[in-house]
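See below for the structure under consideration.
Think of it as A, B and C in the order they're written, each chain with its own count starting at 1.
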Amino acid sequence: MRIAVGFKVTPDFEALRAADWARVAAAADAEGRAQATRYVRRVFGVFDEAALELALRLRDARADDGLPTGLAAFTVGGPDASPFLHTLQALGFDCLRVDPGGGPASAADTAEAAGALDFAPAATAALVAACARQLGADILLLGERGGPGGSGTVPFLAAEALGRPCVTCVTAIEPAGADRLRVSFRADDGPVRALTAPPCVLAVGNAVVSMLRVPTLKERLAVRDVPVTQFTAADLGVDVGVALDRAPAVRSLEPVDRSRAGIVVTGATAAEQARALYEGHLRARLEAL
Amino acid sequence: MSLSREAIVEGLRGILGPEAVVTDERVLVENSVDNFRKLQNIFDVHVMPVPAAIVTPTNAREVAAVLTWANEHGVNVIPKTGGTATEGGLESAVPDSVIMDGSAMNEIVKIDPYNMQATVQCGVPLQVLEDRVREHGLTTGHSPQSKPVAHLGGLVATRSIGQFSTLYGGIEDMVVGLEAVFPNGEICRIKNVPRRAAGPDIRHIVIGNEGALCFITEVTVKLFPYLPENNRFLGWTLMDMKTGFEVLREVMVGGYKPSVARVYDPGDAGLHFSHFAAPDDCVLLFMAEGAEGIAKATADGIQAIVDRHPECTQVPSEYIETWFNDLCWGPDKILAEDERIRQTRNVNRTTEISADWSSINDIYQAARQRIIDEIPDITMMGGHSSHSYINGTNMYFNYFFNVVDVGPEEETEKYYLPIISIIVEETLKRGGSIVHHHGMGKARAPWVRDEYGSSYYMLETLKTSFDPNGIMNKGTIFPI
Amino acid sequence: MTAAAPLRVVAVLDATGSAAERHGRALGAFLRDGLDAGDIAPGVVTHVFCPPGADPGAASATAPTLDVRLVRVPAHRQDVATAALAALQTGDGADLYVFPSGPSGTELGARLAARTGGSALTGVLSAAVGDGVLTCRRAAYAGYLEEESALSRRPWCLVLDAGWDEARAEPPEEHVVVEAAHLTPEDPGAPPLLEIKPLEAPPTGDLETARFLVVAGRGAGSRRGVERAAAAAARMGAAFAVTRPVVMNAWAAPDRQVGVSGTRAAPAVCVVAGASGAPAFVWGIERAGFIAAVDTDEHAPIAGEADVFVAGDALDVLEELADLVDRHSR
């Protein structure tokens, strides 16, 4: 069974303070979205990280049953993914990077293209599907959503391009014999467990396992000179231009203000405070429920 | 004869009333360790003696009453405030200890903008004080990474240091006066004055005592103008730590006082700066603050110094500013880190030492190489220098390892202590100090005689004089 | 643009599972409050997917529109549903499809757009038609920013933000139901999923659907304190949740947790007791209609993140409040 995990390296939104978001929004307008968050540390997309670890655990569990599993990881993005790819190589993934721009010759072009892909899930999905084909993946494993756009449609669109079924909101994957998997996922009306038969696309959501193991220095050293395979969109025969043109046009970004009125309710004792809160603010609302 | 657990609880209830004596088994078990053995809490496997109770006194008189009682009955008392200790200072070294938790003493007694000082009780979180003085356009100048969670009592007790130390100094440069209670119940107040030469400076008996001599109930710290609009950030990448230390030295010797002056080795830089630094790059960074002219002159002076080192490549200051804004660790980050450890069994530990300019690079290189060679399952071995002085700097070793083939409770013995040993050995060999700012705790107490040499006599005399029955935080600073 | 032709809108409701009621009301609320179709009232029909043997009346009961097209599809057969939807689109050429939030709506929306050459957008907060494009608002950057985007290629396939699930519009009392059964392929091919077994839902379910929620934070102080808060919540008839520090202190079970690493609740009324207002927690309650917070620290961030704030002892105020609610509800 060959599993290919697609992942995205994204700015760590948590590293920004609430006050910084107005600046990011303004910079996105003025300099382009790719530039707006360039100073922020990068991380694996949260769901992508879970997908990568689930793939490793699935490989280990299948190995316990004497079943071989091929693991590959790929990303569509710029060279900022390099340290992440290196980590994955050390963990035993075959690695591939697709440069959405013109390749190493034009770094600015790459950043620009990667920024555009953030809000063009169909274009991303076309590249993701091409990678899955290139890697001969029986299972294409993705994170449910991620990155600035976070549409959550890439897994479905990639599945559509590959003509495969897709299960999202996956929370656990277990081996079930040589060529089937038992997946747990959250459907609209609650958690479900089912058997899947490859080829298929699985997208990991809020899994219990969400963090990627860490390779040792020795494991890193062992893959030090192993190159990461690189392709451009053209190498994979994908014309992202068409899909980009069709994508919804982002017209503006604005910070979201989460603050509320914060009206202070006073009272000399807890009983008085509770009364003021209840009579002044809660009673009518609770009665209307 | 030592008291039974029940008798201890009984005695404490008699002094403070039942409300102020916590005996919830779960809470007690979790309080048997601090961050030094944090895996015991993260994985819920506890092997340390369980404390008998936690008491929460609300004033110095109650503290005195409990200490007097404990002193009489030989009950070990472990002072605590914020609970962020990293070196075992809060760990129960002996059975049936009593944790004296000062976090209920959390009143800001006075903010005095004219005399530029603030007086707080020991249980005030530094973040709370900082937020309050900022309303006056002031700052404490103290910004340890644990600022959101650590309290003033603990910060003084550990001789903590903040991220802006190169300008504002460590806590010892900030405390102008304090109140502390000794085991015999003596309540001592050191008044708040700008300076004195009336004999030795006895503040330093209290500052850094780690709860092994007395309980700190109140402190008064200096305040400074808060002028963040003048902050300037500078950053470079470079190929080796030796150059980095050299630049830091030139900046310090040149008389500049940036608030932040740091150099990161490639491993540590990889954790924070891999979006602009190559895998083998070191990162050098500065922040200048203060009045506009001072901040500008400081930044310009540093720029001129680094410009003389063509091997340093400047990076846009926004990288440094963005990093800087996300530096502190609140409860959320601490919990997220615990979760990461639980899932991956990959543990992050740190050990900080200091040495003069001639030795620091050798200590860094030797310790780092030995750890990589001698310790199994290392996933990252690196560090940075973050607090510089005219005569030397610190090295903050930052390292990660996978806990393999042993239970979480054995992590300390299999990995952490052997690494600490290497760092301590390499530091002592070259005349450095084995603790720069986290305190000795119980982790590095075994090396206390090597650290002090002939001056150990002075230190030991403090212990035997102030705490003759040895009831204050057994095993901390002074090994059992 | 020339005189606008009326907009043809299709609401898509999957009634093969138990989410149909919630989703029907969400679709209705969006059509009423979230969609600005300009001067001309849109023509709206609901496509309802229901199991082959279902009673037409029951299946379409929560459809948000008078007109219903019934498409019979086995549960968990998104492949069949997508094919049916695409075939219907070819026939009636609708301009705009609206799907409720959740994996099923997202899949149908994304695949339909791909097959018809239309455009899809998820997490939609609002949409307005004008100048031949559909301008939508949605959350981006993990909710830190809000995006305005314009869709041009039709059909526009919108998947709603989960917040609409809370808006709840009553469906019409009666429906005009037309069967479109002939669109179900005779042999739908191999099913993508086998041996489908519902799992026991974790008991957090009540937090997700609670209309009145009490949340206790670290300020509850101890396990005993959390128990007091839970008892007060029970007396008020409120669901009870806690913040992460409370779970970490083992003062409450993990399934009670709201926030980034727990449940995201959306009650009409939320009372927060003794939580400082860390962002990861606030995320879990920010969809609440009304937030009242009690904390001893008047400078805690929660003071500005709540609609009303009481600077006081969280447990005492909560218990007094429970007395009042209890007394008045009798």
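One rule holds in what follows: contacts are C-beta pairs under 8 Å (C-beta built on N, C-alpha and C of every residue); 3 or more make two chains touch, one makes a residue touch a chain.
Predicted model, so just to flag it, every value in this text is computed and none were measured.
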item	value
Chain-level touch network, classified as line, ring, star, complete or other	complete
Pair joined by the larger number of C-beta contacts - A-C, B-C	A-C
Centre-to-centre distance between subunit B and subunit A (centres being mean Cα positions), rounded to whole Å	37
Subunit A-subunit C separation of Cα centroids, rounded to whole Å	22
Mean-CA-position distance for subunit C and subunit B (Å)	46
Where subunit B touches two or more other chains at once, by residue number	339
Subunit C, residues touching no fewer than two other chains	279
Residue list for subunit A, restricted to those that touch at least two other chains	16
Residue ranges of subunit B touching subunit A (in the complex, touch as defined)	270, 272-275, 279, 316, 318-319, 321-323, 325-326, 339-340, 343-344, 346, 372, 377-381, 400, 402
Touching residues on subunit B, where the partner in the complex is subunit C	22, 24, 26-27, 30, 128, 131-132, 330-332, 335, 338-339
Subunit A partner contacts - residues on subunit C that touch it in the complex	14, 17-19, 23, 76, 78-79, 102-107, 109-111, 113-115, 117, 119-123, 135-136, 139-153, 192-202, 205, 211-212, 268-269, 271, 279, 282, 286, 289-292, 294, 298, 303-313, 316-321, 323-325, 328
Partner subunit B, residues of subunit A touching it in the complex	14-17, 20, 38-42, 53, 80, 82-83, 86, 209-217
Residue ranges of subunit A in contact with subunit C within the complex	13, 16, 18, 21, 24-25, 119, 121-122, 148-153, 156-157, 159-161, 165-169, 184-197, 200, 246-256, 258-267, 270-271, 273-278, 280-283, 285-286, 288-289
